[in-house]
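Notes follow once the structure below has been shown.
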Amino acid sequence: MQYTVGSIAPIFLAPVIAFIINAFFGRKLPRNGDWLAVLSIFVSFVFSARIFGDFVFGQFATDYYIHKTFNWFDLSFGTHIFKVDMGIYIDNMAAIMLLMVSGIAFLIHLFSTWYMDHDSKHGRFFVFLPLFTSAMLGLVLSDNLLSMFMFWEVMGFCSYSLIGIYNEKEKAGDASLKAFMTTRVGDVFLLLGMVAIWMVIGSVSYVDIYSAIAQGKFDGQMVLGISFATFTAICIFLGAMGKSAQFPLHVWLPDAMMGPTPGSALIHAATMVTAGVWLSLRMYPLMVLGDITWFIAVIGAITAFGAATIAMVQTDIKAVLAYSTLSQLGYMMIGVGVGSYNAAFMHVITHAFFKACLFLSAGSIIHSVHEQEMPKLGGLKKYLPYTHFSMMCCTLAIAGIPFFSGFVSKDRILGDALYYGFMSGQNPLLAIVPILGFAGAGLTAFYMFRMMFLTFYGENKMHHDDHGHGHGHKDSHGHEAHGHDIHQEHLDFRSNVPLLILAVFTLGFWFAGNVAGQGFGNMFGAKNEWFKILVEAPKVEKFVERANQPFGSVDSRDTTELPKAQYHHQSGYAGPNPDDHKLHTAHVVGAGLSIVIAFLGVLIAFLMYIRKSIKPLASTFPGITALLKAKYNFDHFYVDVLIKQGLFGLNRFLAWFDMGVYDRFAIDGMATVNRVIFKASKWFDNVVIDAIGVDGTGVAVNLFNLVLRIFQSGKIQFYFIMLVMVLASYIWTLNI
Amino acid sequence: MNQTVVSYLAQYEFFDSLLALFGGNQGLLTFVIFMIFCLAIVGMCATIGGLGTYAERKISADIQARIGPNRVGPYGILQFLADGVKMMTKEDVMPFSADKFLFYLAPMLALVGVFATLAVLPFSTGFTLSDMNVGIFYLIAISSLVGVSVFLGGYASNSKWSMLGGMRGASQIISYEIPVTISILAITLLAGGMGFGTISAHQRGLPTNWFIFHNPFSFIAFFVYFVGALAETNRAPFDLPEAESELVSGYHTEYTGMRFGFFALAEYIEVFVVCGVGAALFLGGSNLPVDLSFDIIPLQLVEVVIFMTKALLLYYVVIWIRWTFPRLRVDQLMSICWKYLTPIAIFNLVGCAIWVVLFNGKSVAQLLMGGGH
Amino acid sequence: MFLQVLFLLSATLTIGCGIAVAVTRNLMHSCVFLLGTLIGIAGLYATLGADFVAVTQIMVYVGGIVILMLFAVMLTGGKDFVSRAQNLLGLAPSMGNKWTFALSGLVGVVFILTNVKLLMSVASSLPTKEINNELPSTVNEIGHLLVKDHVLAFELSSVLLLGALVGAAIIARPRKQ
Amino acid sequence: MISLTSYLLISLFLFVLGLVVMIARKNIVAILLGIELILNAAALNFVAYSRYVTNNLDGHVFSLFIIVVAAAEAAVGLAIVIRFFQIKESTHIDEATQLRN
């Protein structure tokens, strides 16, 4: 299969065209051009599906990839080479990612046409949504860090615009600024890392970086006393942390829910936050070389657990989902850190599906009842059956219940983490990674079911309020909430069908290739473990000679050197290697443990919110709840401590030093000394300088002026004549 | 070496006998041939310019349901000769306070600027006086002499109306040169050369190969060019420099007799030239719709007829526009140029560049039919 | 033959109009003669085979600079007034008088002598290249040179032009005092 | 045959004419005319050397850049002249001596 640019470019270009048309002519189109956006994403989806089909079901070798480059600009002269190539790089991972991004984005667009109907920002929303999607698709297609960084920044801008789309609300503006600024912190480091890589190998293409790693070009280089690979790896990971909202830089993501819910779905599920994980996966060989995987794992574990604890006490549906996103991103980072490459990527995909579905369901609830505070909701199951069904599927998936996708991906990560923490002979302190991971898994099950129970079960408080207080109340969000009748939900291809489609993909066997998930029980002769075969960490040695051949010719390699006939033969984890056996044990133990923990979490939630036999958390541990509600005081820390205490304190100290010490002693003391000197110099001035120096000079200058005044005429032509004369006299004195 | 009419004729056998007639003096023969063709083309264009005044009056009469000139000759077709005779016999008035030198110079410059452009106008593939490789660039450059002449004419007359007309004219011509040049630049980008021969060779064959149909951007470029050309030649609805209701007659208010005739003639010939350029750049020029492998002199005459037909059709549209649209205001004129035409032209240029890169310079038709050379 | 004729015509136009620029009393006429000089130089370029430069010369100068000059002359009047400044070489009218011309002629003679001295020494060492009469098109090669060897100067000149455009617009705009 | 010397002489003569205009004239616009003459003389030299001495077209490119610089110079120069005229109501060069004292 020969791919031309024409069959790949539309993936990226179709949404861009929709963006341009909507940006300039959107208002003149019917329905502000939202159909155009949906159509463009569908075009991307079709082209992505073709690539996906060829990569997954075609007869390509498993390590086949498409790499097409063109010369962006070339400022080389002589031996100094400075040329920048741009290009497209599609391997199995990118093919899967493309299908996921375009597919989910398509459903989200479709849902948005319903959700944003009659909204004041309808037009603007459908300008940024396709641009956002196209930037993510471009990021996935990029073959180098530079173009990836450009799309990365475009996404940052789009998320800024989407979060702050209700720009008349101050909170939305603040949240968008916060998202923009916080991710900027990471981006600076990412740029630094890119420049560092460019300095050493003169390219930022993935292929070149891989081959440089294999050839050992990074070895022995030192920056600031640490090894070069570590330095660049940390810089790039900091960039990924900013984008994927990892622990210290996570503060922007929960606030990002200020935007419309489909926008949040796109940010949280398919595009923006996964970009950081994507970068970490692409740069995985560098992370390994820099030996910072333990750092990644620890950061991921802290994020996973911390976010899960905060999510337990949130009352806003979207806030719960936002913190659960944080938590799941932490799991992905754990996966990257503990070397569970394909499980981490699988979690990106599975999480994208169920989190998109969750957000869209939340959007459906909010749009139906105009209320997003969970304590005010309840008993919605009767009114929103389809939403309930899809949301329940996703909740089961995210909680890690067997047969659902979350179980497949998350528990592989946890199994690997278990192996990493306890059995691989690492630093025993790293046991914190699996401990926090499993604890977070339990909390996940708890808070997700808490959300479900509070929202869909129990009595319907709104309905009750309806009759109790009559109509016309306004809630804190300005919607006309209580007077709103809850309509019975009907099947509609724009509002529920996207949810149901997404819900279908929360089943585990799409990803695991079998029903149970962890490699047990193969059904229908499905391609067993296709994910595990297709997605593997880049083997850098393979790229050495590929980097040296012209990229245009890479495409014509023999595509059938290793056909994917091994789907059916490779299965399970058992191997001759004793480590494999231990790994298998770890997986089995981990799976069992996580099933138990998940059901425990569900049980506690059930007891707490349906049976009400356990008191809710807030009344049992008020102190901890307050801390959690304050989100561990991170915002407070950043604003009040870091900026107010740190920066303002420094200011106060400097002011004190300025006024108290410097002013009193240095300035006033100098003044006293000056007065003495002044008296002495006054005499000197009057006699020596004034009489002799100044007046004498004046007389002398007057004498000279009589001559020089002629030349300093202030006339440009005179100067010009002088110029010519001087030049002429200079030439005449030359002996040539 | 640039292709000229002489180097075209030199490939035929009768050229050698002609050379023998001149005693082997090739320089003299070249000179004579050039002389003959120059005279023929200038004469033809002057006639077209003269007939232009007649066409203007006749078409306007047609549009306004009148009869128009009908006394001199059949259908009044010799009216322009009568007008010419009238102009020559008129007194040559020189305003007392005019700047004599510039007053005499201005109409000459106008004629020089217009006639100089005829040197590269591609009447046919062979009968082009000089098909230089910077042809279109040269044409744009030399025709800016007209702007100078308009300004000088207005200035030298030392009259308020003339002055205002001259200033308006000069600023209008300078401004509209920009979108016109940029839209022509888009065509040179497609053709890969600035010579009319190169541009014409790219449009050989069916009308689908014409540059106007080459891609969406060149389609827009044609209209940008046409509007800009209307303004550059001071034609309605952009005829502000000679707006009768405001400025009497603009920069040539004080001119009488044949000097006025020069200005009028220059204007009409310039309209013909820009129409010809539009035909050559966008509408396939003098190409036959079929690709013939041989080349004979009568075929060249057919090509001349094709070129003239296209140019005169555009000429008709120009006159038609003049009697259809009302005149613009000065601020509208400038805002059309700077806020609309120039950005559109730049957009077209970029679009054409992207098109050339993306589709290897193939036209829409070639892409659709999957063909291409 | 043709080249010689063109050269003679262009040289005559250049020098004749150049002299006219120098000696005409009327600034407007000077500008028009400058136009003649510039067209003559374009002709000289053409005899040197520099077709692109020649046409660019006409394009920029005739279409732009000369009209700009004419506008400036018209807006500033170009009157022949006497300066009020009392200094060396003061008291000259706007277009110069015999003293200023004498002085400039002196400077010119000095310059010519200097140049001739310089050229005499260089002339013998100039490489004599065989000149062929074919004048190939320079457009393609100039295009390549502009975007390859001289790309920095090319880009900088675009910045320069933009700066000049903005600067001119800002400087010439009347400010409210 | 036309030689390099003839071009050099023309350009020298043109340069001197520009010099004369620049020195003898007191009108700023006229001085700008002189500058144009001088720039053109230089550009002509470049092209002439490019044909007769070197084998490449760098001289052409240089004269193109000279034309560009001349255009920028004329635009800014004339803007300054017009501004000067608005302030002083004169374009006499000897009026522009405010920095002298």
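Each chain gets a letter, A, B, C and D, in the order it is written, and its residues are counted from 1.
Note that a contact is a pair of C-beta atoms (placed from the backbone, for glycine too) under 8 Å apart; a residue touches a chain by one contact, two chains touch by 3 or more.
Here the structure is a predicted model, which is why all the values come from computation and not from measurement.
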| item | value |
| --- | --- |
| Pair exhibiting more inter-chain C-beta contacts, B-C or C-D | C-D |
| Middle chain, criterion being Cα centroid separation | A |
| Intercentroid distance (Cα basis), subunit D paired with subunit B, Å | 33 |
| Whole-Å gap between the CA centroids of subunit B and subunit C | 29 |
| Approximate Å spacing (C-alpha centroids) for the pair subunit A, subunit B | 59 |
| Intercentroid distance (Cα basis), subunit D paired with subunit C, Å | 5 |
| Residues within subunit B bordering two or more other chains | none |
| Multi-partner residues of subunit D (at least 2 other chains) | 19, 22-23, 26, 94, 97 |
| Residues within subunit C bordering two or more other chains | 52, 56, 64, 71, 87, 103, 107, 111, 149 |
| Each pair of chains that touches, named by its two labels | A-C, A-D, B-C, C-D |
| Residue ranges of subunit D touching subunit A (in the complex, touch as defined) | 19, 22-23, 26, 31, 93-94, 96-97, 99-101 |
| List of subunit D residues in touch with subunit C within their complex | 1-2, 4-8, 10, 12-17, 19-27, 29-30, 32-33, 36-37, 40, 43-44, 47-48, 50-53, 55-58, 60-61, 63-65, 67-76, 78-83, 85-86, 90-92, 94-95, 97 |
| Parts of subunit C lying in touch with subunit B, wherever the complex brings them together | 1-2, 26, 28-29, 32, 35, 51-52, 55-56, 58-59, 62-64, 66-67, 70-71, 74, 134-137, 139 |
| Complex contacts: residues of subunit C adjacent to subunit D | 3-4, 7, 11, 14-15, 18-19, 21-22, 27, 30-31, 34, 37-38, 41, 44-45, 47-50, 52-53, 56-57, 60-61, 64-65, 68-69, 71-73, 75-78, 81, 83-85, 87, 90, 92-96, 100-101, 103-105, 107-108, 111-112, 115, 119, 123, 126-127, 129, 131, 138, 141-142, 145-146, 149-150, 153, 157, 160-161, 163-165, 167-169, 171-172, 174 |
| Residues of subunit C touching subunit A in the complex | 87-89, 103, 107, 110-111, 113-114, 117-118, 121, 149, 151 |
